[in-house]
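A short write-up of the structure that comes next.
As written, the chain order gives the labels A, B, C and D, with residue 1 at the start of each chain.
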Amino acid sequence: MNSIAFVLLSILTLAAALATATLQKLMHATLSFAVTLVGVAALFFLLGAEFVGLVLVFVYIGAVAVLIVFTILLTRRDVGKDRGANWGGAFLAVAVFGGLTWAILETQSVAIVAPHLRTLTVKRIGEALMTSYVWPLQCVGVLLTAALIGALVLVMEEKR
Amino acid sequence: MTPTLQIFLVVSAALFSTGLLAALSRRHAIFILIGIEMMLAAANLNFIAFWRFSPQPQPPTGVMIAIFSIAIAAAEAAVGLALVIAVYRHYRTTNVDHLDQLKG
Amino acid sequence: MSRWIIDHLWLVPAVPFVASLAILSLPNKQHKGAAVLAVAGQIVALVLSIFAFLPTLQVSGFRAVQNFTWFTFGDHALRLGWVLDPLAAVMLLMITLVGLCIFIFSTGYMSGDRNFVRFFAYLSFFSGAMLGLVISNSLLLLFMCWELVGLASYLLIGFWIERPSAAAAAKKAFITTRIGDMGFFLGLLWLYARSGTLLFYDGGNGCLESAGLAMLGASAASIALLIFCGAVGKSGQFPLHVWLPDAMEGPTPVSALIHAATMVAAGVFLVARVYPIFSFGAIDGVTASLTVVVWIGVTTALMAALIAIAQDDIKRILAYSTVSQLGLMMVSLGVGGVAAGMMHLLAHGFFKALLFLGAGSVIHGCHHEQDIRKMGGLRRLMPVTFLTYAIGMMALSGVPLFFSGGWTKEEVLHVTAHWPVSRLPYYFLLAGVVLTALYMTRQIIYVFFGDRRTASQHAQESPSVMTVPLIVLASCAILFSIVLTPAWPWLHDYLTDGAAHFEIARLIQPALLLSLALVAAGIGLGIWMYRRAGIPDRLRPADTDPLEFAQPQLFRFLQNKMWIDELYSRTVVAFSWMSARLSDWMDRHFWDRLVRGFGALGQLFGAFTASVDERGINAGVDETTLGTRGLGRLVSAAHSGQIQTYLSVIAIGALALLLFYAWLA
Amino acid sequence: MINPSIDGFLHPYVSTSIDQIFVNGKQWLLSWLTFAPGWVVQIASSLLSIIALLFVFLSLFALMSVLERKILGRIQNRYGPNRVGPFGLLQPVADGIKMLIKEDIVPARADKFVHFLAPILIAAAAIVVLGVIPYGRNMTPFTIDGGILFFFAAGSTTELAVFMAGWGSNNKFSMLGAMRAIAQMISYELPLIITVLPVVMVVGSLVPDRIVAAQAGYTFGLVPHWFVFKPWGATAFLLFFVSGLVESNRTPFDVPEGESEIVAGHMTEYSGFKYATFFLAEYIGMFAITGLATTLFLGGWHSPVQVLEFIPSYVWFFAKLSALLFVYIWLRGTLPRTRIDQIMNFAWKFMLPMSFACVISAAVWYYAGRGLRGWLWSFFVIAVVYSALSMLLDTQRKFAPRTYRFAE
């Protein structure tokens, strides 16, 4: 697979992610979150999982990002600056990253090159979903319905 | 050079810890949520990467898990945001520092 | 087709059951819906019965059995099932046909009743239970359905709960039959203990087949008698007949369906069904149990016929005639004429239902007046009712040649005459025939002839929904005799697995002439006695019965039903009161003391344990709880309510875990 | 894919060659690059496709903009633009020049970055979508496995772009417009996608080419096997068409830029070339939606009757496309603007259930053996659901008081 594309994409993704974590303006941060997700989706494409990438874009850009900006607008009172970064958190994050990277680099078994990809068609995914993953699918459906109803109930104005 | 699994894992680790950073350092409730979403995305990246680098052909387990986790993340986002709005209605703030009524 | 119906015979009772459930679920106002549902269920049942009837025609002695396991306990498997043989088939036909007529009739009769819906629910329920009883191939299943019909009859007798008399009658019927059923149940248990099965027919080892019977041995007679107790209770034979006349408190269609046509016949049917047990080890057709059956039947027949003469309530007269007819059937079973008995049962089902419905129509016309002395002259006002009623009366009093009742009665008398033990029953039955003709004539005269009296002033003919069933039943009562005549005794041979063949010569027999004479005598006597009933003459006021005028003591004796009720209330009821009082006294003054004593002991022990708690245990527990609380305070301090603190703790934990694994590796 | 057995008075090979002229042309151009490495060829071919697409659709946009104005003029009984060039056909050129030389105003309080990014993003989203539609036999620019999904995924970016526009230009009207736009877009995205489901189910593939191929063939050479001729297909097509109207903010669903209430919705603060970009994006989006509708339901580039198959496929495609576009314009000329709450109610109470009904009836059609029986059965399903809905939704208060649940 294409290494240049990979490098560019990962740089983009991580930069956007960092922006998300640090930008002061909430709206900018949110948009950069969207960019992050686009980057991740592109990485998925690179890894030959087009379908998942498309689903990711579809769900996150199309729905979740919009939801988030809406929420930001609805809770507008203290939008604007989001002050006072928490340095302990930053340190902890860096520590975790260090630990993980160290562990990954120590592990030799993951230093492998991708085998030749047998393209994963949507048809195959569909068959898998409908045969061996049908119960999880049903459960997710129920879960989503429950989440929908729950969210509605939560944001309904309580009559007083 | 073509990227090895290692590189992917490192990238996803970076993404993960960035999400952690967002979740820890931000004061705005929504951004904690966003941080969690980012961590989930990193996890999905891991799944996909491991599936890709596993000996082919092979049942697309990683892909499946990624799809499901995306669906669940969407549900989580919806409920979480609804919660944020509900909280905002009560306390007129979304700053998690001020939302500590549950202290012991 | 035949295969299908045999497999699905259970549908026949199931349909009315379902209908009754559906009706129960209806709102109380839904009269039309209830009626439609009930009648539809009945029609379906009728059609199914016809389907079930067809295969039995093809081979003589047809018998199809379908058994299944209800449940198993230990190594016993309790099996139920249904059977389709001529007996069941004709009963099915009769019940569904008569039932249908009565359902239709009662849609008219009960119209405007508050509890219309409930009524039809009960009615369908009853019909389902009865059909189940008929087809059941297991004494247990039969017993269940038996109890269900008992329940249905209880509910329907007490249908007008607001009347205390109705409630009392319902209770009486229930308890009285329960006495009989007690015996029945004992017999059932005994039978199971001896033969190990309750299935009638089970491929050679059912309890009615040679193998099963052989296992009964000497105890067969006692078992038979115990089962007969149930029959006595259900079809109002002599000692337990008292409930049937009171059961007339229920709505008239109920009296027609349950207490004339079907349920009371269940006793007879039961005896016919388990006849092999009765006749087991018979020496030329005579066994102890059968003899008992005969005598009880004779007593009932004669006594009821006598009482019927002196009754004034139109329905009570019919009730007593029912009792006596049932006695007749019992006799014929007892003397070995199963077929004759069943034939009479069927014929009786038709014409008695007809009579009751006629009575119902009369009552409906007379604004719910039941005293025949207050009626009269209805002949012109209600022509249809009158004609059909007359046909019914002829059939009942056994006018030969044209009416089904005549032929069947002939059969009964015929078999009774050849009973080897004694000829006494025969003579009694002859007397019974005369009496029957007599009291029916009396009733007819009182109700339809003469001039109008108080109740019949404004009577008018009932609506067609009531008259049409009458006509249907009347035509049944006549046409039914086609298959009964000795010239072509189709039904007889159908029931006794013979092949019917036509022979005109057998049509006229000396016995026929004899009974003709008897009936003529009865009717003539009736006409002579009651020619000016209800018309005051110089000595006798209008409302006194001519017989009463002639024989006051005799009349009162009969009118009070030979004081049997009084006798019972003096003996049985009084005894049960006594015992109840006694046990009550025991309860208050003996058992209570005992229980209180134990209670005191318990309190003592409780006090002891309480003190132990106080002194010994509590302190330690208190200490523990205090310690826990302190600990809780300590821990809760760490519970800052800051989400991100928690998050960071989690992250630290993850990191620590990672490092730990690294240290392991 | 090429079908040489085409009866007609043109010689089959001639017609075939005309049909494939663009494909062959592209191959010919690429054949000059044989010496270059593979990825260069790849990039070059995609560049060629992109250029072709841009050329075709930008010119179509120009043509459309003027034609729409002329047709609206006819409908409203007046002349359209008729001054610039013959029949005013050069009007778009003039407009373009005007737009280009206009001053580009950025509000002082606006978020410059976002305000700048929004039009680009929206145009990009609109154009990228065009890539997966088959415009003719072997004429799909980019064949992605799961192209339909790609279409919607890329299309859903539009909402974010609209939002950026609304929020970036720090203006009440813009915000309100954006809110409305997003609200109705999200609400109508559900019926839009769910009405695609039956087609995907029946064809068993997300690839547009397969879908078009599945609609090949005729009965008696007269009735083509397009999905629009199946009951579920017809219903789905109607629903899809309406949702498309909403997605591209056209009348009667153009509340987001309802000039009578909020000046121009999320485009209020835009001027000059950025405004033109929004305009372009809107039209391109329209083309994309109609193109997808053609592909999914109207048999793509197949000809309506067999005898006319000698006419090149892309001609047919664009004929259908322009027919649908004409209907858009027609509606715009005919219908008044609906209220936002009415739009919402319509979406959630009618469109969504109906589209589910489409899915079900497609399944019914599939399992009741695709023949007349299936036809009747699926029609039955549709009819039942429709009548049930019409009974349920028949409220007495037709003119409900307007309620805003979307912007506080």
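Methods note: contacts are C-beta pairs under 8 Å (C-beta built on N, C-alpha and C of every residue); 3 or more make two chains touch, one makes a residue touch a chain.
Source: prediction; values computed, not measured.
> Removing chain A only, and moving nothing else, give me the connected sets of chains.
B, C | D
> Measuring between mean CA coordinates, which chain is farthest from chain D?
Of all chains, C has its centre farthest from that of chain D.
> So how far apart, in whole Å, are chain A and chain D when each is placed at the average of its C-alpha atoms?
So the centre of chain A lies 29 Å away from the centre of chain D.
> So what's the Cα centroid distance for chain B and chain D, whole Å?
Computed value for the inter-centroid distance: 34 Å.
> Suppose each chain is reduced to the average of its Cα coordinates; what separation in Å results between chain A and chain C?
Distance between chain centres, rounded to whole Å: 76 Å.
> Using mean C-alpha positions as chain centres, tell me how far chain A is from chain B in Å, no decimals.
That pair's centroid distance is 6 Å.
> Got the chain B residues that touch at least 2 other chains?
Each of 20, 23-24 in chain B touches at least two other chains.
> When you check chain D against every other chain, which residues touch at least two of them?
Not one residue in chain D touches at least two other chains.
> Name the residues of chain A that each touch 2 or more other chains.
Correct list: 51, 55, 63, 70, 74, 86, 88-89, 92-93, 96, 100.
> Show me, using the given definition of touch, all chain pairs that touch one another.
Those chain pairs satisfying the definition are A-B, A-C, A-D, B-C.
> What does chain B use to touch chain C in their complex?
Within the complex, chain B touches chain C at residues 20, 23-24, 32, 96-97, 99-104.
> Mind pulling up the chain C residues that touch chain B in the complex?
Listed in rising order, the residues of chain C that touch chain B are 635-644, 647-648, 651.
> Spell out the residues on chain A that touch chain D in their complex, using ranges where they run on.
Listed in rising order, the residues are 25, 27-28, 31, 34, 50-51, 54-55, 57-58, 61-63, 65-66, 69-70, 73-74, 119, 121-123.
> With touch defined as at the start, can you tell me which chain D residues reach chain A in the complex?
That would be residues 111, 113-114, 144-146, 149-150, 152-154, 156-157, 159-160, 163-164, 167, 175, 179, 182, 186, 189, 204-206, 408 of chain D.
> Which of the residues in chain A come into contact with chain C in the complex?
86, 88-89, 92-93, 95-96, 99-100, 102-103, 106
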